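Got some structures for you, see below.
Look at the two complexes coming up: chain A is in both, with chain B in one and chain C in the other.
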Partner chain A sequence: MVAGVARYARMMGGLARYTLAREMAFRGNFLVKVSVELLWMGILVAFYRVVFAKTSTIAGWSEPDYFFFVGCFFAINGLIETLFLENCNEFAELVRTGDLDFLLLKPIDEQFLISCRKIDWGTAPNLLMGAILMAVALVQKGWTFDPGRVAAFVVTFACGVAIAYSFMMMLTSVSVWMVRNQSLMEMWWLFSSLVRYPREIFSGRGAEMLGRFFTFVVPILLVSNVPADVMVRVLDPGMIAWTVAVAAASLWVSRRFFHVALRSYRSASS
Partner chain B sequence: MPIIEVEGLTKTYRVFQKKEGLLGALRGLYRREYKEVKAVAGINFSIEPGEMVAFLGPNGAGKTTTLKMLSGLIYPTAGDATVLGHVPWRREDAYRRRFALVMGQKNQLWWDLPAGDSFQLHREIYSIPRDQFDRTLGELAELLGVEKLTRQAVRELSLGERMKMELIAALLHGPQVLLLDEPTIGLDVVAQAAIQKCLRDYHASRGVTMLLTSHYMRDVEALCDRVIVITHGTLVYDGPLAGIVERFGESKLVRLQFEGPAPERREMERYGEVSRLEGPFADVRIERSRIAGALADVLNRHALADVSVEDPPLEEVIAKVFEEARLAHDAA
Partner chain C sequence: MTPPDVALAPPRPGPLPSLVKYARIFRVALIERMTYRSDFLLGTILRFLPIVTTVLLWRAIYEGSGQAELGGFNYREMIAYLLLTNISRMFSSMPGLAGGIAREVREGTLKRYLIQPLDLLGYLLSSRVAHKVAYITMSFLPYAGLFYLCRGYFDGFPDPLQMLAFVVSLVLAFVVGFYFEASVGMVGFWFLEVTSVLYIVMTLNFFISGHMLPLDLLPQPWSGLLKVLPFQYMAYFPAVVFQGKVRGTELLLHLALELFWAVAFAVLARTLYRAGLKRYSAFGG
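What follows is the complex of A and B.
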């Protein structure tokens, strides 16, 4: 078990090195990508600063709490985009061209190789910027260190990543049947749009139902809401347990779904 | 005990039949028509350890589909197969460590990185011990003459160099079974010969079992003693390479060199089809059963300086096999 984990960690390290070397070979593209990501985040933070100049809370979230939430979202989203998004996005093309063959031949977990083989270093700064934003927000809030909250945050943050990853893997798997899956990016955009706001914005009768739906039926609102909540707002053990259960279940379901999809792989003619 | 065993292996694809025009495309949105295509129709064969077998057939015969089932890439519709004691489509790591698939028309190396980096990644994935990796890489790179190219980005290599790198990547982990799908396609004769030599040497030193598909009969002649021919998903010949010429090569090429000028064309055409008549030389294609009589007759009438009897080129024989199979299939 330990040897297995060490082997996958070594491989991840290798993949990280080689993809960094590849990015550096096209450094112009890399620098533009990083700049666009940073600019996007800067605009978003400036926008919220303007909003909080007019109001003290958004949907019950104070300015530092909200900035912590935004930082948390950026960190999760950055992690997903850095590790998985490009790989999942390329999956349909691998299916269409038959290049998936070589990934399936390797004596290694197919899901690992398919979803982690390239690291998109251009989006990695989002993770760092998200972490910085969270740290600044905590300082602004005058947050005092609480190991219980930190532990709950780490667990639920990991669960948030797991839920988002599982959702992406299920979308990706559909490519085996659809062959062309250009809707993946649109679906991911929709997903990240839902995840980037606190669930309290779903207020009012119809919206509340929608909020519940995305918390308990298709529980994608848990992704960044719960880790942000446990760190700066309410430490709700019930919600933590629910998030952990959803993460475990979604990882299991997405893995099963992925393997079922692979059974239908036809391998394009050579 | 066979290293590869195939029994009733079948693969049927359901293929969408797109209608012509815009109306057809719109109709396809709600009502789709599919056709069942039997790519492989219940084939049986077995291969012993260390054999080098050519798997031949025209385009669309089911060769690549069979190789893909044996590699575990696709699931069969029916039938069984074991390779090295494993059911391929279970894709167990223990199996995937012991075989390799080389596809001449596809790349497994990272396009923007030097091949050496892809080899390192292979080392991690296959858990190849460092000393074994260095030794094998050194041997293969030397054998293929690409020692100085492993630090060059793959996209900057020629097709031949890239194929050599692909072959190295496939052999680094020391596979016991090697499945090769047109490994020399598009290569010049020098690169083809280098790949053939590498495979021959590798086979001689490691006793690897090889199943090779190729449209180049030079590959087949250089590497394989046994041939399996598949057409329309059905096996039509399985036996020694020499046997296929015996069975399907109905005529032989008789090359004659006369002491004086060759006789007139009309006289030579009595024996068979004349393909060359020039000075003292005459090449005549004669039916096997008539060769002895024809030669005796020529010797009675003329003085010969030299004579040779050759099998027809393998390309010609194989083309005949494919054509006969096509006619039989169309008739059925």
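What follows is the complex of A and C.
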């Protein structure tokens, strides 16, 4: 078990070095990619600055709290994009062309190889940008250091990444049956629109049910909400426990789902 | 009696065969689009999620502000506006167009347009119209359902003349969007890798076209500046036309300006294409 973990950690390190070397071969492209992310963050900040010029709270979130949430979302999303999105995006093409055979034949876990093959270093600075936004928001809020909250944040942040990864894995697996022609990137962008806003906006008739649905049945809302909540709003142990449980369960379910999908892979046209 | 040598010469393609040619391209692209139906359907369903969250976000914003109007839009108008920009984008967004052109240049497949009696921009335009027709037809029912559900946000249909202006603004939005993206794609003749530049342009366009929020909400001078630029015609303008926020001579003036930008981008795309072909060296392929 320990040897296995060490082996995969080593492999991950090797892949990280290799992809970084490739990325640095095209430094200009890397810089442009980073500037796109910076621009996107700038647009988000501009958007919410415009909105907060007209109001003082959104769904009970004050401006600094809200910006902390945005930073948290940005960091989680950045991590997902850096580690998994590009890989999952290529999966449909691997299925369609039958090139998936070559990956399945390798003596490594299929899910690891398919979802962690490449690291997209261009989006890695998003983690830093998100962290800076979170730090600025905390300073503006006048937040006092609380180790309990920080620990809860770190745990739920990791759980958020795990939950988002699981959902992405399931969305990816579906392409075995569907033979995708739309990009997973776009699908993911649409789906992750649920993660982008605080859970509290789901209020009023109908919406409340929808909010509960996406918290307890398809618990995608937990991803950026719970870490932001425990850090700047309420520290709810029940919610933390639920998030940890969901993270573990969704990892397991998505892995099973992925294997079921692989069984339907027909290795056509290879 | 025609002399035999004239009869043997290949017939010059008249306007009708040329039209048939592009109609065939349209048909093939339509069939291609319909091949992956289930994936297309899933994509269409997922497309509604951001709409739902956006409506909820703006409701929270209006509730938080305690004001009835923000930037001249009340809550109902704001939601109607954001729904309508989805219609604008349905016409003006061109996923993959610029990237596709750049790829043809980079991989050298562009030469098939040079050796065949086929114009690159004409080909792309007719296949893009097919994709749009397929997309708009497929999403007509879901969108009709959505607008029916959201009918409370609208004050009924605008009068026929305004409706006509709306349709014209949408068609022009398609032309502006198409030639704008095509022009961006032509940059591929000068730079081999344009996908990243493309991302910058598209990201920025998302905001400055008014897709995220009405341009009126921005503080001056930004809102005035963005209303002078052509990007507003890809999202903001058709929406406010439908809402009757632009009327009379102002409406006519803006329609004329939209037409101007459509023609200007068409000329730009053609000019860049011609200039690009002079540099083109048909690598690969």
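By our rule, the second predicted complex is superposed on the first by the 265 of 270 C-alpha atoms of A that agree within 3 Å, B and C clash if a C-alpha of one lies under 4 Å from a C-alpha of the other, contacts with A are read in each partner's own complex, and residues count from 1 in each chain.
Rule of thumb we're sticking to: a contact is a pair of C-beta atoms (placed from the backbone, for glycine too) under 8 Å apart; a residue touches a chain by one contact, two chains touch by 3 or more.
Just so you know, these numbers come straight off a predicted model, no measurement behind them.
Visitor: State whether chain B and chain C clash or fit side by side on chain A once the two structures are superposed.
Guide: fit
Visitor: Looking at A:Lys33 after the superposition, I want to know if it touches chain B, chain C, both of them or none. Which is it: first, second, both, neither?
Guide: The answer is second: A:Lys33 touches chain C but not chain B.
Visitor: Should A:Leu210 be classified as contacting the first partner (chain B), the second (chain C), both, or neither?
Guide: The second partner, chain C, only.
Visitor: Contact-wise, after the overlay, does A:Thr57 reach chain B, chain C, both or neither (first, second, both, neither)?
Guide: Once the two structures are laid over each other on A, A:Thr57 reaches chain C alone.
Visitor: Counting only touches as set out at the top, which of chain B and chain C does A:Phe47 meet: first, second, both, neither?
Guide: Second partner only, chain C.
Visitor: Given the superposition on chain A, which partner contacts more residues in chain A: chain B or chain C?
Guide: C
Visitor: Is A:Leu194 touching the first partner chain B, the second partner chain C, both, or neither of them?
Guide: After superposition on chain A, A:Leu194 lies in contact with chain C alone.
Visitor: Report, in whole Å, the shortest distance between any C-alpha atom of chain B and any C-alpha atom of chain C after the two complexes are superposed.
Guide: 6
Visitor: Name the residues of chain A shared by its contacts with chain B and its contacts with chain C.
Guide: 26
Visitor: Please output the residues of chain A touching chain B within their complex, sorted ascending.
Guide: Touch list, chain A to chain B: 7, 10-11, 14-15, 18, 21-22, 25-26, 98-99, 101-102, 104-108, 110, 113, 263, 265-267, 269-270.
Visitor: Which stretch or stretches of chain A touch chain C in the complex?
Guide: 26, 29, 32-33, 35-36, 39-40, 43, 46-47, 50-51, 53-59, 174-175, 177-182, 186-187, 190-191, 193-194, 196-197, 200-204, 207, 210
Visitor: Applying the document's contact rule, which stretches of chain C touch chain A when the two form their complex?
Guide: 35-36, 38-40, 42-43, 46-47, 49-50, 52-53, 56-57, 59-67, 70-71, 95, 193, 196-197, 199-200, 203-204, 206-207, 212-213, 217-219
Visitor: So in the complex, which bits of chain B are touching chain A?
Guide: Interface residues on the chain B side: 13, 64, 68, 71-75, 91, 93-94, 96-97, 100-101, 103-108, 110, 112-113, 117, 120-121, 124-127, 153, 181-182.
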